[in-house]
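By letter and in written order, the chains are A, B, C and D; residue numbering begins at 1 in each of them.
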Amino acid sequence: MIRLASLLLLLIGLYGVLTTKNVIKMIISINIMELGVNIFIISVGFITNGVAPNLTEHIDSSLSNFVDPLPQALVLTSIVIGLGITSLGLAFARKMNKKYGTYDLTMIGGMKDE
Amino acid sequence: MTFITVLITLLALSVVTYLVSLINNKLGAYFTIVTSLVTLLLLFLLKNSIGQLASISLFTFKLTTVGWYFSMVMVVVYFTSAFLNPFWMKKMIYPAAYNLFYLVSLIGTIGMFFARDFITLFIFWETVVWTSTFIIQMGKSRKSSYVYYVVSAIGSMVTLFAMMLVYQVSGTLEISVAFNALTGQPVLALIVFFTFLLAGLSKIGIFPFHVWLPMAHGSAPHTFSPVLSGGLVKMGAFIAYISVSAFAAYEAFSSSFTIMGIPAPIYIIMVLGAISIVVGTVMAIRQDDAKKLLAYSSVANGGYILIGILLFDQLAFAGGMLHLVSHAIASATAFITIAIVAHRTGTTKMSKLGGMIHKMPITYTVYLIAIISMAGIPPMGGFVSKWLILQGLADHGLLFIAAAAFFGSIGSFMYVFRPLSAVFLGQLAPKHENVKEASIMMQIPMYLLTIATLLIGVFPKIILKVIAGIQAEAGIQEIVMVGNTIVVANGVLDTFRVFVVFGYGFLIALVIFILRRKSRRVTLMDTYTSAEFVHTPELLHYSSNFYAPFERLTKKPYPVLNLYEKVSIKIKEIGHMAESLFSSPKPAVTIFWIIIVFAIFFLGGVL
Amino acid sequence: MNNPVLLIIIPLLLAFVSVIIKKAGKWILLLGVLINTVLAFFITTGETIIGGFLPPAGINLVVTQFTLVGVILINSLMLLTIIMSIDLVGKYSVILLTALAGINGMLLTGDLFNLFIFMEITVIAAYILSAQAKKYHHTITYLIIGSVGSTFYLLGIILLYHLTGSLNMADVAAKLPLLTTKELLVPILLIFIGIGVEVKLLPVSGWVKGVYAHANRLIAPLFASIIAGTALFVFGKLFVSVLPLSDTLTMLILVMSVMTFVFGEFAAFKQKQVKEILLFSSIGQAGLITALFISGLVYAAVILIISNVVSKLIMFTIAGAFTEKYQTDNYHSLSGVFVHNKITGIAFTIAALSMTGIPLLIGFYAKLNILIGFFHAGNYVLPVIVLLMTIVEGAYIIKLLLALWAPGKEGQVSLESFAVEKKQLLSVKNTAICLIVALVLIVGGTLIDTTSKIVTNGQPLLGDESPYFIISQSKGGE
Amino acid sequence: MTVMNFVYGFIILLAAFIFQTTITGFNRKVTARIQKRYGPRWYQQFLDIFKALRKSSITHGWIFDFGVIMALGGIMATVIFIPVAGFEAFPNMDNVYIISYLLAIGMLGMAMSAAGSGNPWASIGVSRALTNMLAYDIPLMIVIFTLIFAFDTASVSEIAAMQQGMGILGWNAIRMPLGGIVAFIALFGMLGKKPFDSFIAPAEIASGPMVEYGGKHLGFMFILHELMTFIEVSLILNLFFGGGSSILVYAIKYAILYTLVNIISQVMPRYKIDQAVKFFYRVPLVFAIIQGLVVIFLGWGVSVWF
């Protein structure tokens, strides 16, 4: 079920990128897409009524079924990377706006862009 | 005296020439003369070490008589036209590079003729291509060297495909051995035959590929045109020779249906040769620029050589090989004389010249002897080779190819006479009043080449003996020579006797002429103009559109160059379509393509 | 001393140092690149574990002969680019060092997710570098397409992890053949598109023209030879030794790369600007290289990458110099520019001729191996396409060279006076470097045996057994 | 190649000159008769030539003289090679190609001196003469090629010998009718007789190449014209009309052939030069090719029919 939700989010993100002309909206839709993928990563490691995978001295590791810790580690990095790209994109969008006065990519195509 | 030492000395000398010409161009040009002379002597010494194998790093060589024959022709042409280099140093933008490329292309040709395996052959072939491309660019037009490179690239790429195909099938790269693996598959043999021959056809300038020849020869630097049309065209003949001897086309296609005893694929190539004779002749008659005219005559004579070599029998093959030599010398001489006229007057346009004989009589006589041989008129070498080719064609009964050959030889009277009368004879324009005769340096190559033409014409035995050696090496019946007469199935030719009788006739006419009263010298302008008072020599000189009636008959023939331009425009359209489709400023387009690719591949994978 | 992880750590360390000492950024960058190149020559093939966990859980750096060639090549090219355009570095030293770390990481890593991270590092550095030309809308386009691509790639790895339970390349490669092709289709497809964006396969690389066409003398070679070269090496490693491709998928990818090759060359044929010709030609060559990898001809692909990467380095540097000195790179308005700077012209010409495959240059050796490889694999259609495209490539390269070397209108003998006004294209140092690199192309092309010994030193690359051309073969019966 | 050959050569030369000039003389009377007048004495042609040779003339430079001498020298050499009724000055040197191409030396010499004279009429005449040669020579050469293929020999005397002995049926003109027709028409072109004489058109281009000649140059041109006529008519005679078994028969056949050509040409108009080329490249060329294909592929006409 979560996987369907994440797939849907991915498609919404893609749709967003395809249809908007405004750069800010594009970056937002990429965020949605990345969100979808992150949720999917989490869902890969999920086991119904599993236990959080932190070893403490009084829990016997062989008995309880731990949720798979690896995707959770991966998702952390992926979120950080998503953050990095979004901030970079917004910075460039602001500079573009300052230079060309618009957020609309198609408008810039025709201007003095030799 | 191994072949490798010859190559290395030539390479060393060309580097020295480059360094010298960096310091002083003229001196460098003289060095090119010395280097080509040294090569000529060294090659001549290789005469008795035929059959010797040699190899160095990537390249392997084998000294064959046919290789020796071709490279001797090439070096003679290079040596004689090198004499013009010093006078063109000032006219070129990169003289030092010109000297270097001049000699490197010579190395390229020699290496190619002695190559033993495909890779050596291809490497030396391409060296000649790119060096001559950079030389032609120093001439009048960049477009012509661009077209030259593209047509040669088409030829050499297709031949590379054939070579690699044969390498894959036979497992060895050696030319003489590799083709034997094709005897089994007739279809493969057909593909390899046509693809392998393509580079040769594009170099000789056979019909569909002759497009570059008038452009490149017409606009190359005047001192390189003799080499281009006298020498480099012969490389294509070598490829034709390989395709007939090493490839043994006659055995490979013995099963396919034959026309008049000639296997169909070979006949098709010969028809192409015949078409290029007719096209070359018709176009040559129409030209106004002397160099373009001579270039088209090289197309026509290239057709003769190809037909001769492809017939690969006793007569026509010997005719083809001899025509190779006589055309090389005749067209080199013609180009040299036109270059000298251009050097003195600055133009090769026939309508702007006239009456050069009064100022340059020596150049005139040399040009006269050259065109007598080029047109195939008896006492000269051109006649002997055309005679052999025609006899060979008569033996096989190839009517249509013979008709084209006749058209070519009669048509050659017309187009060789046009420069003679438009450039040298007729009225001398006042602006050419102070034109001087060619300097001594320029006269040396003219004398050498004229003597060579005469020798080949009157005593063809010298050359035919070597050709007989080639025929023996290639395993076909040799040409038979009794004393100085060529004995052939349906006729006999003794050019020395023809020469003597011509001398005898000339003597009788001279005696009659001298006995009669002395005639009064009159200026050129004092002519019968049927009551028309003309005082400006230029107007009284008949040189522009010389064969107007014939040109009206062959109105604008379809320029084959359009074909190449249509293809290049088509490529540009596809390129533009690809660029606008895929790379556009909006990211949405690319993402759209990502989804499309994903969808197609997904469906492809699932089905 | 020969631990490959140093190649990644040292540039990162120096990046932080150069953040602190702002003004000495240039020299730190130079130092970092120098150390990296020296180290690259010392690392040996093998595996190094990082972070203590044994694979498949932990990540490791795998150095095969294939990666060794990649690392040495890319690091030395990075050194050359930096030396040649040290004056343009300015405040980019931090980003260039991180990019260097990212590139070495991509080449060396043996873990799929680790590859994703290093790819992200490199790509982000590339976004920032591409903004140098102040054409922000192109940078944003690149950013959006790049991030969509990397998201696809991430999804692909996760699916692989979901199916095989591991992210280590060697482990995944072992487990994948057991699964049915139906299951594998989606993850492999996602990874292919993710990598395809970076490798510049045509439908998915709309960003290339905008970014490459405005890059200056430092950034252009960086993109065209270093980042492109790395992407190709990564593509080779993934699609030859890790991901098994079903027949239909191979056919489809082959079609796509050949389409890229053909359209890239045709588009290059149409262009009038030097840089656009070169960028479309590099797209075309990328298509050919992917086609070679897909049909398993790794040796031919590596030689072609070397030839391409080296000649693009020279040509893009000089093309960058064109815009720098003459403010335009339309070759009609640059006619006769090499009249004034002959040596630069010679270097440019050698690089260009090597790309068209003129003999005795490494480009010709690459073409020879391509033909032998395809014929050996029984594929007769692709050699025809390759040769036809060589003709097209030769055509536009010669048209470019003729315009640059011989000024003057048609029908006029070209004279120095027709050439564009006299300007020094490259500093003496740069011209010398360009010439030396060009001579490497010649030496690499003539001494074929030494080249093949250096590249393969015996073992076949990534298990590619197909024959390649060595001198002894050409001796024939002797 | 003994001295005797040269003496025989000189004899043939003289005989040819005298014989042909007398026939031209007779034909001037025949032409006159056609034009309803009596015409000059039969030896008028000799008188004209010797009068011209006695007169002094002008010269336009060394090439003007050298060209004329080379022309006559070339034509004389060709005449020496012509086999007359089996008698040859130089044995087996009578190859068809040698004769037809040696003829070109004469043409080239004349063209050179004409162009050298500096008069545009002369150059126009030469350009028309060469175009005319291109016109008539292609069909003729194709038919001669067929002959060579059929009889496996290119020597004129052998071909002539093969046609004798069966009377009129042996003639090639009968065995290969189309070839005979083409040869006869081509003879008009070769001789420059009426329909194809645009290159020496007196009114139009002041008799073309001959415009600047006077005195001994004109005399040379007359001798040249006579000898060329002899070569061309005897070539066609030997190849297609059986050539004489004895000199007398040869002379009679020669005279009949030449007079026939002369009579027909008197009533002809004059073709423009490109019309001449078009004419020759339509019917005669098709005839020649058909004849060639018939002989090569079907082999008819090689052996006598009945």
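Here is the rule we use: a residue touches a chain if its C-beta (ideal position, glycine included) is under 8 Å from a C-beta of that chain, and two chains touch if they have at least 3 such contacts.
None of these values were measured; they are calculated from a predicted model.
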item	value
Higher-contact pair (C-beta pairs counted), B-C versus A-B	B-C
Whole-Å separation of chain centres (CA-atom averages), chain B against chain C	43
Chain A and chain B: spacing of chain centres that average the CA atoms, whole Å	69
Between chain D and chain B, distance of the C-alpha-averaged centres to the nearest whole Å	35
Whole-Å separation of chain centres (CA-atom averages), chain A against chain C	29
Sequence positions of chain B contacting 2 or more other chains	584-587, 591
In chain A, residues with contacts to at least two other chains	14, 17, 26, 105, 108-109, 113
Pairs of chains found to touch, sorted by chain label	A-B, A-C, B-C, B-D
Chain C residues touching chain A - in the complex, by the definition given at the top	57, 113, 117, 120, 124, 127-128, 131, 134-137, 139-141, 143-144, 147-148, 150-151, 154-155, 158, 161-162, 167
Chain C-facing residues of chain B, complex	53, 55, 57-58, 60, 91-94, 116-117, 119-120, 122-123, 126-127, 130, 133-134, 137-143, 145-146, 149-150, 153-154, 157-158, 160-161, 164-165, 167-168, 172-174, 177, 219, 221, 568, 571-572, 574-576, 578-579, 582-587, 589-591, 593-594, 596-598, 600-602, 604-607
Complex interface listing, chain B residues touching chain D	260, 355, 357-358, 361, 364, 368, 372, 375-379, 383, 387, 390-391, 393-395, 397, 399, 402-403, 406-407, 409-411, 413-414, 417, 420-421, 425-427, 489-494, 497-498, 500-510, 512-513, 516-530, 540-543, 546-547, 549-550, 552-553
Touching residues (chain side chain C, partner chain B) in the complex	137-138, 140-141, 144-145, 148-149, 152, 181-182, 185-186, 189-190, 192-193, 196-197, 202-210, 246, 248-249, 251-253, 256, 263-264, 266-271, 280, 339, 353, 358-360, 364, 368, 371-372, 375-376, 380, 383-384, 387-388, 390-392, 394-395, 398-399, 402-403, 405-406, 408, 410-416, 446-448, 469, 471, 473-478
Contacting residues of chain A [partner chain B, same complex]	14, 17-19, 26, 105-106, 108-109, 113
